[in-house]
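Dropping the structures in below, format is structure tokens.
Consider the two complexes below, in which chain A is the common component and chain B and chain C are the respective partners.
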Partner chain A sequence: MSVEVSPVTLQEEEKERSRKARAAMDAAAAGPVIHYFASALFWLILGSVLAMLASIKLHSPALLDQADWLTFGRVRPAHLTTVAYGWSTMACIGVGLWLMSRLCRASMRHTGWLHLSALLLNLGNLAGVIGILGGRSTSIEWLEYPIEAGCLIAAGFLPVMWAFVDMARRRQPGHIYVSQWYLMAAVFWFPLLYITVQALMIWSPVAAPAQPPMNWWYAHNVLGLWFTPVCLAAAYYLIPKLIGKPIHSYYLSLVGFWSLAFFYAWNGMHHLVGGPYPAWMIGLSIVASFMMVVPVIAVAVNHHFTAFKDIGLVRTSPTFRFVVFATFSYTAVSLQGSSMAFRSLNKVTHFTHYTIGHSHLGMYAFVTMLLFGAIYYILPRVTGREWPSAWLIRVHFWCCGLGVLYYVMALSIGGVFQGMWLLDESVPFHAIVERMLPYLQQRSYAGMAMTVGHLAFITSFIWLLLRSPQPASRPTLLARAI
Partner chain B sequence: MHQFKFIFLGALGTFFSAWLGLVLLPVVHYGAEAKALEPGAPLPERELIRRGEQVYAANGCVYCHTQQVRSPSYGNDHLRFWGERRSVAADYENDTIAFLGTMRTGPDLSNVGQRLSSAAWHYQHLYEPLSTSPGSVMPAHRFLFERKPVENGVVDPEAVALDAEGNRVDAEGYQRVPSAEARALVAYLLSLQRTVTPRPEAEEAPSLR
Partner chain C sequence: MVIPITLLLLTVSGLTISAVLAFWWAGSTGQFQEIERGALAVFDADEMPLEEEGHER
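Right after this comes the complex of A and B.
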């Protein structure tokens, strides 16, 4: 007697096996990923409070001006470092770990080390914020954390590197997807960058004239060689997954990756255009900044052409909506960044709020919005729980999305005026300070909207974790656009 | 691509090329060790300036004030009297950190010690910026001052004015005198005369036109 197995049943079995494998990977990843996301969100909220304080102080300096630990010059670097190393870095690690596990089809092992890593990063950020507010900031931009905080963060990153390498070694044979290239490179680039500058600027500082080039080499590369690759990796994964169609072009993804690796690392000195360094150094960075158009266009074509195969999905899918917003911001911020290296524009915008607008278009409208989208995708999968409220997701998207666009607009317009007035010696300096006040006030309003969005998100997040698991539920969709 | 090692080697190769150019080369060029202050100033003065540099860092002055003068071909810093020549890297060789800055919410401070050479002005400005600079958004640094009773009717010569009339003693008979931190910060500010010394490398290259 023979048992006939129909091809349909085989296919079903294969699907079931694959589903079980994914469930096993997600179960193994759940602990560390939730630990990273929850920590990241804590730092996002603290970072938002510090941001609001710094922003309001810039137009209403009398606010809370009695205490030394709340002075503008301490609150501002505390904002930057908590959102960079608390929120963005920890969220990037959570997203990166989960993507790596799924793409290598390898379960995370020894997750105790990853919990330890999250703990060290949290302690590092805590020590850093206390250090800055307590009057021990280094005042080196992007590296304000005092020495002990930097050591904790550097040590906390090592288990993450190890976990990535471990998953890469156990991967299923075959082609390596573009997201994995970005993730593997980024997980080495970040510690190399961070430990280099910690050693040469904080543990044993080199002569002062040699510091600014390495300061901006780091501060620019941490964006392009850490946050950007992790977020591009997530976009390369999520867009095709959500619309169920492959990425537009394999060759363009190769061009995008290698040209980013090649040109980005040389960009940093454009922060010192017009500054006290030899022309060849700054000229090289200007050229490299312009060359960034190559990876940006390659990635833009790939992301946008793929997304437009089913762009209507932005109406219903929370992840897709955030990711599409973020990828468009990436294209915009990168082209803007290249243009800002040009002498004629740089002369106007160099020392103005235009640069702050640009950095928020990058770190917020691109990186943060993409991380939000990725968390909307990943968290239900690792917890087996769905997002509790479509309304909260809509509030989150519109407050943050419109908020950041308004933020960037206010500072870009104000920044260009500020630059033109600075170049016109007939405008006295105090007049520029006064004329900038309305733009800075608008920025505070935009920041408030973004903070409301963050509160909606953390409410969703906590509510989701408190729910009981619903194994066979349907995803929470937005149902309507606004 | 089927192998991680190509990605790995490529990513490290591109990374270290820039590392050599933008990290190692400046270190070789400008020296690996922080230099001591030039021997001109007496030792206690030098230590005070170093301490002031730390107060400047701790309170984040760098987020609103640059310390770099751009060349006349690149803006009009000279017309705002921020410096007579452009800054060069060697101008920072006596510092621990080069506070070049990236934002001009406030004016450039490269030569503030030359432009505003009165310690009393700086104390007053730090205590209440609006009293010396109308329209300023600089935070008041009252936490850098100590509240002390007036003894034997003698007001400390460094006590700051507390109101528009210039009264230096409040209703309860107290004055505000600069703390050790404020003294160090002002000593540092007064030492900022970066582009006073002529330097050959600051001369503009002959125009190609």
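Right after this comes the complex of A and C.
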């Protein structure tokens, strides 16, 4: 006896299968993803404390000046490295693993290795911070961690690479979505960059004159070939998912990815404009930097045009609000970065606080805000628990959003003045230091606001994990949906 | 300084060449055919059609 099944029933069955498959993928990913996010948040809080200390010391140098390990020269690199390799890298791995599983429609396997990887990265960061505060910094910017910390971080990344490859091999046939391209590329680019410079600058250092080009090649590329691709992958996933519509132009999204892949690695030497290096080397980087306008415009058009199809969602959706803020920041920081490669502007802004403002526009207003948005989206799915308080999310967003904007404005304006005064031989150096104090104080106030936002976020995070699971509960919205 | 800089340039060239090879592989495996359909790869079966659905979060 045959049983007739209507097309509607088949469709419903397919939908149910799809929902169950997603739930199974999230359940498999839960352990490592929560491990990475919890670790990342620990480093974010520690990095914020170190940032506040470093910032306050710039205008109140007597603060805690009796302790060697709390001097500016140690606290500042400890801040940079904890937020780069502790917070951002570990959050990027958590977000990337979850996205890869969802996009490949493949459950994460061998999660024990990923827990081991998180443990190694945590140990690496711990050894690194202790080393820097103990006076064993390498003094190479972005690579200040001593040798043992670098080895632990490099080793910790290997299981992550394997997990990505394993999921990519088991992906469902068909188009590889642009986020998968970004993620797969990033997970190979970062270890290649990191191990190359570790080998040439720390394990077996090359001659001193050759070190700055390598240093700045790495420092620039770790942003563009690790943090940026993971965050763009997350944006390309989250925006269509949240508004329920595909991205504006898939063709443009691929133009953006491939132009980044072809040209970005040639960037970095423009940080050495005015330095004792061959003109062709610096000129090549200036050209490559300007060419970055192509992927930036491709990404900007796609993100903004897609988001504007339902921009009202920023009222209600925490994830969308953070992601839209981050994508606008990406456009701003990328265009600003390309302009800073020009010799005429570089002459003024180099060696000033303008550069610090620029790096925070990139690493905070873009990368960190996007990671916050992604965590707001992912964590309820992997834990089965909703965010406990819309009020805490609002505090988090406004403190961090307004804080970073104020921070960037203070340092950008102050940095331009600083650059012009430095070029003016009639202004004594000590006068410039004194004139910069108000801008540095504003920077500390902005940093305090961001730290309050981080505390609100970690409170939400711990509160969520302590709640009992609430299957099929309503999402936590920032305002009542219209 | 020549050897380290050459090593650096080789690494950068290697990155670019690997990107070119990946691009060639993508073309040869049909990733660039019906290119705009790729935008739908982000959605699961139960998430389509998309136009009139409400927003989850």
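The criterion applied here is as follows: the second predicted complex is superposed on the first by the 475 of 482 C-alpha atoms of A that agree within 3 Å, B and C clash if a C-alpha of one lies under 4 Å from a C-alpha of the other, contacts with A are read in each partner's own complex, and residues count from 1 in each chain.
Assume a residue touches a chain if its C-beta (ideal position, glycine included) is under 8 Å from a C-beta of that chain, and two chains touch if they have at least 3 such contacts.
Please read all numbers here as calculations on a predicted model, not as lab measurements.
On the shared subunit chain A, the superposed partners chain B and chain C overlap sterically. In the superposition on chain A, A:15 makes contact with chain C only, while chain B stays out of contact range. By the touch criterion defined above, A:203 reaches neither chain B nor chain C.
When both complexes are overlaid on chain A, the residue A:262 reaches chain B and chain C alike. Once chain A of one complex is fitted onto chain A of the other, the partner contacts of A:192 extend to both chain B and chain C. When the two structures are aligned on the shared chain, A:137 is found in touch with chain B, with no touch to chain C. Set against each other, chain B and chain C touch different numbers of residues in chain A, with B touching more. Judged by the touch definition given at the top, the superposed model places A:213 against both chain B and chain C. Contact with neither chain B nor chain C is seen for A:445 once the two complexes are overlaid on the shared chain. Of the two partner chains placed by the overlay, only chain C lies in contact with A:240; chain B stays clear of it.
In the superposed pair of complexes, A:175 makes contact with chain B and with chain C alike. Shared contact residues on chain A (touching chain B in one structure, chain C in the other): 174-176, 185, 188-189, 192, 196, 200, 206-207, 209-210, 213-214, 217, 225, 254, 258, 261-262, 265-266, 281. Interface residues of chain A, counted against chain C in their complex, comprise 14-19, 21-22, 103, 105, 174-179, 185, 188-189, 192, 196, 200, 206-207, 209-210, 213-214, 217, 225, 236-237, 240-247, 249-251, 253-254, 258, 261-262, 265-266, 281, 310, 313, 316-320, 377, 475, 477, 481. Residues 1, 3-5, 7-8, 11-12, 15-16, 18-20, 22-23, 26, 31-32, 35-47, 50-51, 53-57 of chain C are the ones that touch chain A when the two sit in their complex.
Listing the residues of chain A that touch chain B in their complex gives 57-59, 61-62, 65-68, 71-74, 76-77, 135-141, 168, 174-176, 180-181, 184-185, 188-189, 192, 196, 200, 205-214, 217, 221, 225, 254, 258, 261-262, 265-266, 268-269, 271-272, 274-277, 279, 281, 284-285, 343, 347, 350-353, 355-356, 422-425, 429-431, 433-434, 436-437.
Residues 1-4, 7-8, 10-12, 14-15, 17-19, 21-23, 26-27, 29-35, 56-64, 66, 68, 70-71, 74-76, 79-80, 86-107, 129, 133-144, 205 of chain B touch chain A in their complex.
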